[in-house]
Structures are given as structure tokens and as C-alpha cells.
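Just so it is clear, A, B, C and D label the chains in written order, and each chain counts residues from 1 on its own.
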């Protein structure tokens, strides 16, 4: 089959200035690959980012790209999506950006279930400002950029996303682009708000959770003497946590308990894959449609507002009438 | 035994302008009663609030009282606490205030475990701005102040607090002041960040979860034909969720799973009481003490900075030396 | 009585007891008879119990401001009597509930200590000794006529007729108060019932009950003979067509619907959010289109369809402005409305819109500041703030509407400026405009055309593509304006970033490009100065050589215009220069008007901010300042006195007005 | 060569390859010999790979600004040669790695397209055809001496000596570059090694390796005979005591330690956060106290103890200012530091502090705006913004330090003003001050005393209590200042609210109280005008009747002072008026200095914001404007040319400076 769009259609010629070996490269190419495999018209895709190393992503992708403010990618993205529900909207955020300064938007977006995708670049540090602790850095850990061990506990993005109400929650690994690409595709195709937390090594500032570490460094199998990769795939172990309308409370509780145990797993075994998929909720757009029947057919961003002569076409006479005595 | 402080020592003469029957009255008196029973010197207590009906609380309590900005009570409170770790600091927040506009601070405060107490006035609406949906209002619910059913899902304060890292999480009911008072006392006495979510009927705008509803209206026992109160106490059903250092991962997982089931319970049976107590973590102040050994003995707010003649007493000569060539 | 046209009616009561509804019935009744009204609402930041009141000035010809001294005060609680009795003009009427006669001042906890003491002092007593009857006596000594009403008797009659309980009838105290005042002025009961039906949207049960109350009240007033004793009488005026009764929140909302705003974000805040609620109530929009209008349009659905506006409640004001901006990127006309603290939170978002040339409209209703300040009171304290909000330098337009009607047209213009010049536009209003009510004859929906500026369509982009040219969002052009593409349009993509950027929208730190981009953006201010007609930027009212020139902005306009009329009858010819676009500032026009005139700056703020701006831009220093900052709007009566003092050479350089309850 | 004292050294390379370290070795070496230095750092908002460079101007006497035209350029990468070669003065030296000779311009992706094209154009070529050797030729044609170095040979020698790999030795390219330039100027190797030890904090392994690189480089330079061929030679100067090498982030941090700031919040942002990191590195504070100082103090622990500062990383800037304010309520001197977008987020918090009269100090480092702008470049674009930030009107103090040294003393004063007048103080700096480096002789810790304003102690409160008086936080007083109580002090409580409030701190909407409270707060600005010595607010440098008066604020000071010196040697007597407290504005003094002089406003922004402010406050309009807004600081050499044009009557009214790479 001939494909309309080539992979290169999703790339720009902008000079990329991430550090050599940065995990961001893997995320970038996973997003491009996902868009390519889904054959999305670049003009139909809007990518929003915040500020940070992660924030530069849109400049490297040949779609509409908006590099917004630190912590604010989500409301920008949601505004655009609600104006044009027919477009594909993706927000990429740093862990400081999305879960630190942006945590309020992250939590409140979860409650809405707008049909968009959030990708978290989880490197545990503030990259662009030179390595301070991000909210995902664990208590007491001291990366090489920190003068003292981290004084705060870490937030768990999976758990926070769940508590906030996201209906699709996954974790990927920046260097397994094939797997990550699939997660992003699923996230895009999910109806509702989807979060993909991506473990992203930052070779420049995070010398604890490095590529080698994820690959198994120091995690020696006592039997074989070989290093066992820390990352494993949920789907390979029969894990599945899809919640549907026809499930009993009990069933749901069980699934969720299981999910939470997985969300905590860390250290020698780190799960990636889809943690949670909840099919019970309408999207925000569908709820809007109940109020405004032609919302999707004739959304804000597509409406005509003036006639041939430039006069407004909104007819407020009924409202004026109701206010007149 | 003679008590140093009388209950009236915690009251002010300020005219209270909450609506008649507002649940806030119950919370106010529970706080006053708790301070009284703990015999806290009013001059040792700092109460911070945000903006909303709830925000007026400090004016009615005879302690240092700071009515701050919408959503910002937590950082103000934390700043004060870290400057004077010897003082008792309480933040009272509205549900819109604390979990909507203030959600970012709520999440990030959880990660620190500063030794203070947060009380959430959970009335499911924005009281002071006339009844819009607060983040705790459930999807599809239409209170009398709403023109349309609520378009967003609700956040669960218990779950969000847990995901954020709070080490003491409880829920109380505004009209059971005795029980609520006990929860607040425990929260104050807990070493670390404590949250008490208080179900607070707002008779003016919330006609769904009213006092009567909580009291059992419509919840008829088929056997007796009587209405069964919706609210029950966790402690009365043998529930306990204290996490300690010596517990196994498995034990902890089980406790947490149980807690989450309880956090979801709603409708005909609504649990109040202590949902979660985690004793594994040092407070932020204790962690600071590891960096600054005399931090607690000689905290920022108590340090002398100038001598008799008004000259600075900080001696920067070693630093200057290290920068000199 | 007073020197001003028309009369002033005042109603007061506790919040939550129907003050607004009462005022609404009153204004509707007057409008029904063809009277022009202006209503001003005062209330506490409180849900229930604190004192709230409402002035209505009415006349046969249009009125644009309020008068504080009343001709009729109708009070159904004691607090209102304590607070307002002594504000009446000679010959005024004071209607009250006689059951309150022996109410003690000290028993009313919602009266501030300071005020209670002042009242007592005025009566030569101690607070604890003051009774309501004392203040009535004092009022009578001023020549105010006092009318006791027996609310209990009136409502008992209704109770027996309707089977309603007295407790539930307490909710209709406001109707008693309104009806009694109308009866006093000879207004017809039938018309009043018509007004009641209108206000209660013809809901039969409520209308019937309230009509019964009105009727009983009329009987009561007649039985006491009050209706023959009061000088002011209303008459049915001849008028073509109905009168529109609207407040500023509503005219702005209507302006947005007409302007084609189809995406509104908000976070609840007084006094802005009523605008958003009104929009939400009207989220489905009727359209008036013909086949000729859209000969080629693909979405021909439009012809038999309705439009809509999505009104989106965000989690805070940061999300409100950023979501509106995100929507605006897709081409929809998007807006947010806020007040006080809300704008303070929008500052960073405003800068991003400025940097990326996104047309977004922010309607900012000023209220008493700083900080939470006086959330329900008015002020013009944010002029300088909105002009300079945001780190760094970027172009913006700041408009200040002079009144409720002007706000409608300015709202439409705001979107035009935003899109033509691709920048954020702030429409600066205040609580006075938001919450006051005025009667107007009509809103002319054809007065301002829709101008969307340069936008490239799918077809344009295809053409570009065929020429092998790349679309550049921030292309350097002669005018500084680069053609826009709505994000999501086929055959293009582009980028935007808060960082300094090149023409394509990619980050650059190149000093040469940086300088050019700064100049491109900032030069749009010059373009505006060149293109926008001067009367949209500043307006002069009055004779060529006035005795005195008043200069002001925003909501003082109506008061000043009303003042000019009054004063000219007294032989004083005032001029009035209204600054409508405060940024970019119309400096040449302002200089030419001020010239070597003696002039007074009039502002509802502490620092006379416009005065400073005028000096910065033109060098002219006001000869006199008249300012006010107690959270209450400058009233016609106090401005009259202040300006007279200036004219007679008795005024200090700075007069601070202090009226208001 | 040039007309200015001293010489200009320039090093460049990719970010992350040791540019700063190299400059540090160079400045230390020079300081070691007694030279005074001024260093300016330029870098991209990037972690690795983009071009970074560093100017050092040095002289036997103090220098306060940078010169863009270099006397020595030392480059270890090709990009630096392409970018900077042609900036040299006649007779300048250009040291480069000869391996780069045939590097193609087109191969360097970090050079912006615009720049590459300009370079090619200058050489009369196409971008694709330009080789590094082309630009060297061009440089030589300007009279620049070109010195090829064989980096490979130098490092190979070191490799064989030290057993380090060539790959790991690539990290020492910067040391080669620095050493070669020092060798060229006859600087002694031993001293260089001492400087290296200092910079690497005596860590033996690193010092040894870098010393070996230096030695090998010296040998290489000597072997080529370069060291005899260059005109500029350094000599060991006699100097009493050491020189302190500091940047603005450091002097501010030191100022905070001395001022007694014991609580600092921050959210990471360039170029502010280095100040917080420095504070955190020094969180335990030595104290110098005697028994006499604290005869009664209970915490007598102080005598044998250390103090400390809590440095608290918050989740955002909203939390940063609110947490600092919360801390300040307890009496601790508290502060936060930020830049650009950070301040935009602090606006609401600033207003609360203003409304509640909380002394909180915000150090604001301006960077290129608007929005994210140019995060690592300099600008003075936020003057108006910080003066007006926040809805409503409240008093604040805005200080602008002129240089790195002044910032130290201003920091201490900032806390004094904040506490004496109980208001937020903004110390306005910029990236140029934050990141430039200067040699100074000493910081006088006794120059500014600590003044905490009126504070009631436990004892005072006990006394009040015994008189049955209630403590009122916002008591009306003559001065407008009400004695403070630190929250947590025994025998008192009080309230605070962002709402308008009464003396006790409880909400009020009373118009009379409101007006009084506004006047109380705002009157503190008058008190400041009365009490603060004028030379802390504005300073005039120069003769009574200068040929031309320059007026400016902030970081242009050093450049202007250096310019005055140069120009006076040429017979032109300049005057310089530096505005130090931009709000409240010292209008009388400024008016008296400007008088009828011809004057130029000099600012690193687009709109000449101070120029506008001066007109607003005094009516004076600048005769000329010199502005710059490309993100690079006005340099001494370009200002010299611009001012000369003014003096010779050849300048337009507005000159826009454009230098900078």
C-alpha cells in the first residue's frame, strides 16, 4: 500500500541542540514514528510543549508546534482542542514542567477527560536549568548536579495521573522507541485524556538512573552472573487493567489495587506498558455535545462569523427581546 | 486540673457572616475545640486560609490569622512554618481554593512532609462566588446553582492526598464536631503533613449533599423502614491503616489497596475517620536539620542579625577569602 | 430639590433578601412607562446577611449616572434606615416598616463600629442609646417625609388570601417596598403587575403571589392616604418600541456574540463572571445568513444551522488566558474575562500572546484593590498595570469604555484590533459598568463590521506551495503584520515559541534577527496610530472654548456628561475629553485638545494614573485633580460640588471625594 | 589601538567545553598579578554545543565595563574564529587551532543562517564556499596577527607524559587556549599554575594535569617564537592584599547574608538561580558576636553558635513569593530571587505583601523579554512593569543597582527599607550584573547598618496588655507605619487579609476606613522621600556644567563612568545622572540636575522607559535617546561612538545600538 506521508514528512531541518545521548531523542523519534504509522496529516496535528529541554520538541517535528510557557502546555493544548475537536492534540511536558509548576493543570485536566495526549519527559531533573531535583526524583537521591541529597519525596506520575482521573495511563522508556511508539499510538487513539510517562535518561545531569542502569547495571543475576535489565513489559506478564462499564465494583477494586502495586514497583524491576485504561467515561467533547448538539460538526474554530459584506451574522434579537420592556 | 486557656480564648468578636446553617460553623468550632483541648497558646498558633467562604475562618479564631490569596494558603503556611518550626501552623482551604486553583501547591506540599495541617472545606461548590462546581463535585451532578449538570469528573481528595505523599489523611464531617475535633487534634499531633478533608454542607448552593442527605435522607433500611445515616466511622469497623517502617512491602500493599477501596466508598455508606497514617518518613524540618544541625534550636525566625550598635553579625570573611586571588 | 434631571430612588436590605429583584421590578416598571433609568448596585463580598442597596435614577430623558441623594428611599429592614435615611433631599420620601421603629442601632451587627459611632455622633447620642425612631426624627428635621408601612398587616392579608405562610411571605418584603414606592408616585397597579410578570418570566405561581403582595401594598398605601401626599408623580410616556434594560456584563457578552467570539474561558470572580454565565446561558447562537453570503463555503450546514460559543470554566486564571490563547491559535475569536487578582495571574500568559502575536481579548473589570481588596466595589486602579503588565516589551491595545452601551461596540472593536494587529487587547471596564443597569433604545449590530485582518486560506497555502514557498508565520513585512494561518489549516504548519524566534517561529538568539523581530512587533503600535480613526481613540465633547476642561477615562463618562448638561443650564460651559484607547496613547489629539486650557483630571483612583500618563505622553500637567478611592463611584452630586469649587476658584489642587455608603 | 584604558581578551567555544573555567583561570591569573578585570559572559539557552564566549577587559586600574573589539582572541574551536575574528583592533592577536584551517563555514550547524550569510557576504563569497582560512586572511588584512597553534601536538605531548587519553584530554582545550594567550603576553608559567591551583581548588590530580597542559602550551608558543612577537605584555603589579573576584549573583548573596536574610525561596531560572545556589552552599553562617552585644538575649546559644539561612526550592514562583512572605510574617528577613517570567507569576503575591505591609525583598534579574524571550541575554525591559506590577495601588520601593559592587550594599539597604517602611522592595538587576565578573578590593560589611524599623517585643506586648490595650497590626499612626509584631510572639495575636481591613486586620468594606487605610499605606511613599538620603536615590557624577548629560539607571553605570574618563581625556566633559531608586522617584533632585541641560537617555530597552518616567515625573524630555534591545549589553566602544555623534551634532534623536554576537 502506498502511504501518503513519509517518515521524513514529520521532521524539520532545525538544528537539534540536545546533549549527545539524551533520552529526548528517543521520545522525539517515537512521536514521529507514531504519527507516521498513524498516517496523520501534519496539518492536522498540534503539538504543545512547556519550557525545558523537553520544551524544544515541537521545533523538531513538522506539525503545527507550540512551545508555550513553563508548566502551561496543558491549558494551551486543551484550549486548542476544544476549539477544534477534529484535530489531534499532543502536549509534551517535562517532569518539572508538568508535575511541578504545572501540577495544578495536570490534576485539573485529568478531571475533564478531553481527548488529547500528554507525554511526560521523566528525567528526574530540571534539565535546562542545570540539574535541580524534579518532582520525580526520589527522596535522598543525590544526582551529580545536586549539592545535597534530595530533600523531598518523589511524586509517582502513574499514581498522580490515576488520582487525577486520566483514563489512559502508560509508562514507556525513551530508549525502547519501538515500544514507546506503540504506547504513543495507543494514547493518541484512546478516546479521552491519555498520559504516557517516559523514563528518560539525562546523561548530563542524572548519573543515577542512566541508560546503563536501566539496562541492568549492578543488577546481577546470582545464578547466571549476568546483568538483568531492570525494565520489563507489563504486557509480557499478562498484566491488563482495562476498566469497563460492565465490571462489578469488586472487580474494579481488584484491578486498581493491582495497578497501584505495579505503579510502585521500582528498583530491580521496573514495569513499562499500559497501566490503566478506563472506558467508562465520555470525553469532555462528548459532554459538550450534549449541551451544544452541533458542537463537533460545527466547532468554534470552524464557524463563520460574518457575511459577505463583513457584517456579523450572529442574531441576538431574541436575547435583546428578552431583556426589553 | 486548672487549664491555662479557656475555650473562649480561641474566639474573636468579629461578626460572622456565613449563611445560617453553613457547615463552616462546625469546622470552626472543631478547630477551636481542638486547640483548646490541646491547650495551645494562641500566640503559638498561625492559621492560614485562602479565599472563599472558608477563607474567612481565621478572622473568627483568636490566634495569629492570615487570610491570604485564593489557592495560596499552603505556600504561605509552609514559609512561616519553616521559619519558625516551633509554632503550630494550620492551613484551611476551600475545595476550589485548595484542589482547584491551589492543586499545584497541594500536590507539591505533599512531597515535602512539612509538619503542618491542612483542613479542606469540602462543600463541592465555590461558595463565595455563588455556587459554581468545585473540583470535588461529581460528574453529571447539578446543584441548584448550576445551569447545567457538572461537566467534569470529581477529584477524590483522599486519593489525591495519598498520591501527593501526605503522611496523615483523614475525612471528617462538619456537623459531627466532636469526631472532627478529634481528627484535627490527631492531625495537629501527627509529625508531618496532615490532611483532613471535611464534608461540609453548603445549604445555600449545594442542595444535593445536604445535612439531611448525609443524615440518611432517602437511604431507607428495607427491614426497619428507617433512614440509615450515610456517614459511618472507619474506626468503628476495625479499619486501620498505619504504615510503619517494619512492615513488609506486601503488608503495605494490602493496607493501601484497602485504603483505596475506602476512599472510593460513597453513596449509601460514606466513611469518615483516619484513612492513612504513614510513619516511615522524616519531616521536612528533620531533613533540614541534617543539613543545618542547629536548625530547630535556632531557626531562621529566631536568629539575631545585628549587634548592639546595629552592625551585621554575619561574618562572611571566609567566603570572601575563598573568592579572592 | 436637586439641580439634576430626574429623580433618585433607593432600596436597601440584607443580601439574599431580594434587593436586586426589587430593583429589577422597579426599573422594569419605569421602563414600561417609557422612563429612562440608570441603576447602581452596591453589595458586600458576602452571600447572605450583609447590607446591600440599589440606586435608581430615572427621568423622561436618558440618564447616565447615579445621584446619591435620594428622592425616595424604601426600606424593608432597619439597617437600611440607619444607613441611608439622612441622605435624602428636602421633600424626599422615606418608606419603612413601622415594626422597626424601636429597633436599636446597637442590635445590628452588620453595621460597622465606625459607622455606628458616626451615626450616633450625628444624633448627639451614644451608640447604645440610638433607636430607629431617632434617626427618623432627624430625617424629618431635614424636610424628609416619613411614611411608616405596616408590613405585617400587608402580608397577613396576602397570607390569608393565598394560604402562604408568613414565614415564606417574608421573601416578598422587597415587593412590598417596591410597590409602596410606586404607589406613592401614582404608578398604576396593572402596569406594576405587568412588570412583575416580566421579571418573573411569566411563571404563574410566583407572579400571582407577588402580584397579590403588590395589590395588598397598594391598598395599604391608599388606605393611609400616602398616595396623595407625595410631590413626585409618574406618568405614562409615549415611546416607540421597547427599552432594553442591560448591565455592562450583558452588553459585553452581547458584543462578544456579535463579534463572533466563539470561545470564552473564565474562572469565577466578581464582578466578571456574570458575563460568562450570560454567555453560557446563550451558548447556542442564532444566525442570520443567506446563500449569497456563503456561496463557496464547504460547511454549508451554516445555512440551516446555529452557531455556538464554548464557555469553559478553567481551574484558575492562568489556565483561562492560556486556554483562550490556545483556542485563538486555531483561528477562533477567543476571549477571557476577569477582575483584580485574576489579571495579576494572567500576566505571563499575556506576554506569550504578545510575543506570538496571538489575537486574544481580555475583558478586565476593575474592582477595589490592591490584592483581594474590595471585591464587590468599584475603582479605576489598574490603568498603569494593564499598560505595563508583563516583563519585557510587547505591543498591546488597551481600550477603556465609558459606559455600558459603549462597552458593546468596544467589545466588537476589541476583536477587530486583536485580529488586524495580531496582539492581545485588554478591554478595561470596572464594577460600576459591570453591575450598573441602564435603559437604552437599541444595540446597533451593524455599526461595527467584522475585520479579521490578514489570514491565509487553504487555497492561498496551496498556491504558496505550488510556488515552492514556505509559509512563515512571522514573516517580516512592511507593516509589521504577517499574514496568519489558523492552526489546523491544510497545506501548512508553523511554529510559535515564547523565546525570540525567526520568521518560521523557531527559537533564535541571533542579535540581528532579535532586533528586527522587536521592531516588527513594536511597529504595530505605529500602524494602529495611523489606521485607527481618532474618535475610536479619544473623544472631545463640548464647546471649542470651554470654561473648564475635564479629562477622564472609563466609567466616569456618564457622570461627566450629565454634569455638563446641568452646568450648562447654570451658564458654565464644560468640555470633556474622554480617552478611549489608553494604549497606544493618542498623544497628538490629546495635546491639541488640552492646549493651554485649564483642566481637571477626574479619576476613581488614588494616584490620578491617567494624569501621569498624559504628562508622560504630552507634557501637560493637570491644573486640578479630582480623585476618589473609597471603593464607591464618583456620583453626579459630589462631582457637581467639586467642579463648582474649581470654577469658583475655591478648590485645592487635589480634591479627594469621599461620598458613599 | 583603542582609546580606552586596558585591553580586551576574548575566548570562545562550545557550551560545556570549559569556556567559563578558562575565563576563570585567565581572570585569576591576571588578578594574581594585580590586574583589575571586568569579565562578560555570553551563552545560549542550551546545555551543550551552542556557542559561548567570554570577554575580559583588564587594566592596571579598575575597569567597569566591557569592550567588544578584542586585543587577543583565543579560540579552540572553529566556530569562534568564524564568529569573532573580524572584531579585533589593529594589531590584535588571534590564536587558533591550526587543524581548523580548512573547516567549512557550512559545516557548523550552530551558526545561524543569517550570520553565515553575513559572514560570507563580508568575504564576498557564498556560504558553501567559505573556509576558515578565508576569514583568517580577511582578519590579517585588518592588521590582526594570526597565531596558529598545534593543539594536537601540545596534547599529544601531555598524553604521553600523563598517560591520559587524547579523548579525555580534549577537555583541556580551554587550558591550551588560555595558556597560549598568557604566554603570548609574557605571563609567567609559575603564576599560571598558581591560578590553575586556585581555580581547581587545589585538587592535586586535576591541577597537575592542567598544569602539564599549560606547560606544554608554553613550550609550544615559545618554540614558535610567538611570545616575542606580540606588543601587549603583562607585568607583575605591586598590590596590597588580594583582589576579590565576584559576579553579581554572588555580591547579592553576600549582601543577603550580611543583611541578615535567613530565608530565601527560589524556583530555578536563569540568570537568578545561581544566587540561591551560592546561598545554599553557604547555608551555615559564621557569626561575630560578643557577650556585650547580647546581654539579655535568651538564646545565648548565639554566642558559641552559627547562624543559618534556609534556602527553599519551591514548586513555582507563586509559591516562592508567597512562602517568602509567609516566612517574613514571622519576622525573619525573607527574600526571593527571580527573572523574567518568574516575576510575572509573582504579581499577585506582591500585591498581598503590599496590602499587608509585609517586608519582603524580591531580587529581579532582568533578561531579554518578552515571554521566555532571550533567557540568557541581558536587557533593561522591566522598569515600568515592576513599578506598576499588581492590580490596584500599593506602595513599594524599586531599587536599581548600577554595578556588581553596588548590588551588595543595595541588597542590605533593600531589607532596611522593606522593614522600616513595611513594604515589598524590588531590587532590579539584570543578566549583565548577574553574570559579569569584576575585581574589587573589598566589601565593607560595616557600611550599612541593620535597621529593622518599629517592632514590638514580648515585653512591649506585656506592657500593652497590662494597660488593657489591644495590639493592632495596622494601627493608624502619624507616619503611616504601624509597629510590627512578629507572628508567633507571645502575648499577642493579629490578623492579616488581602481584603481591605481595619486596624486589627479584619475585613472591612467601610468607605471611610478604606480611604484612611489607602492613605496610611500610600503615605509611606512620602515618608521615604523625606527620610531616605538623596544619594541613595539618585547620584550625579561629573562637573557642574557638563558638555552633555547622560541619564541612565542600572547596569549601564560602569560603561558610562568608563566613557566619561575616556572622553574627558579627549576634552569632553560628560555628566552622568544615575537613578538608583526608580520608585518612589526622586523628582526634585532629577529636575535640579537636568535643569536646562542638553541630555541623553541611555537604556538597554526599546521604549526608553526611564525617559518616559522622567517626563511623567518632571516634565523633562530627553534631547537624545540611545537605546539597545538586541539582548546584548551596550559596550563601551559603541557607546563612545554614539555619544561622540551626539556631541558633534551628527546624531539623530534616537540611536539604536546594534553591536554584539
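Following the convention adopted for this analysis, a contact is a pair of C-beta atoms (placed from the backbone, for glycine too) under 8 Å apart; a residue touches a chain by one contact, two chains touch by 3 or more.
Predicted model, so just to flag it, every value in this text is computed and none were measured.
Between the contact lists of subunit B and subunit C, the overlap consists of A, D. When the C-beta pairs in contact are tallied for A-D and for A-C, the bigger tally goes to A-C. Summarising the inter-chain layout, the chain whose CA centre lies farthest from the centre of subunit A is C. If you average the Cα atoms of subunit A and of subunit D, the two centres end up 38 Å apart. Subunit A and subunit C have CA centres that are 42 Å apart. For the pair subunit A and subunit B, the distance between C-alpha centroids works out to 31 Å. Multi-chain contact residues, meaning those touching two or more other chains, occur in subunit A at positions 51, 67, 69, 71, 100-101, 103-105, 107-108, 135, 148, 288, 291. Touching of two or more other chains is recorded for residues 44-45, 315-316, 341, 348, 352, 371-372, 497-499, 507 of subunit C. Across the interface of their complex, subunit D is touched by residues 15, 17-20, 51, 53, 67, 69-71, 100-101, 103, 126-130, 132-133, 135, 147-148, 204 of subunit A. Of all residues in subunit B, those touching subunit A in their complex are 71, 99-105, 107-108, 110-113, 135, 139, 148, 151-156, 159-160, 162-165, 253, 256-257, 260-261, 264, 281, 284, 287-288, 291. By the touch criterion stated above, subunit C contacts subunit B in their complex at residues 16, 44-50, 109-110, 267-270, 273, 277, 280-281, 313, 315-316, 341, 371-372. Within the complex formed with subunit C, the subunit D residues making contact are 44-45, 112, 114-115, 118, 340-341, 343-345, 347-348, 351-352, 354-356, 366, 368-377, 379, 381-382, 384-385, 387-394, 497-500, 502, 507-515, 518, 522, 605-607, 612-613, 615-616, 619, 621, 629-632, 656, 658, 660-661. On the side of subunit C, the complex with subunit A involves touching residues 28, 31-32, 195, 198, 242-246, 250, 254, 257-260, 262-263, 265, 282-290, 292-294, 297, 299, 301-302, 305-310, 312, 314-316, 318-320, 322-334, 348-349, 352, 412, 442-443, 445-446, 449-452, 486-499, 505-507.
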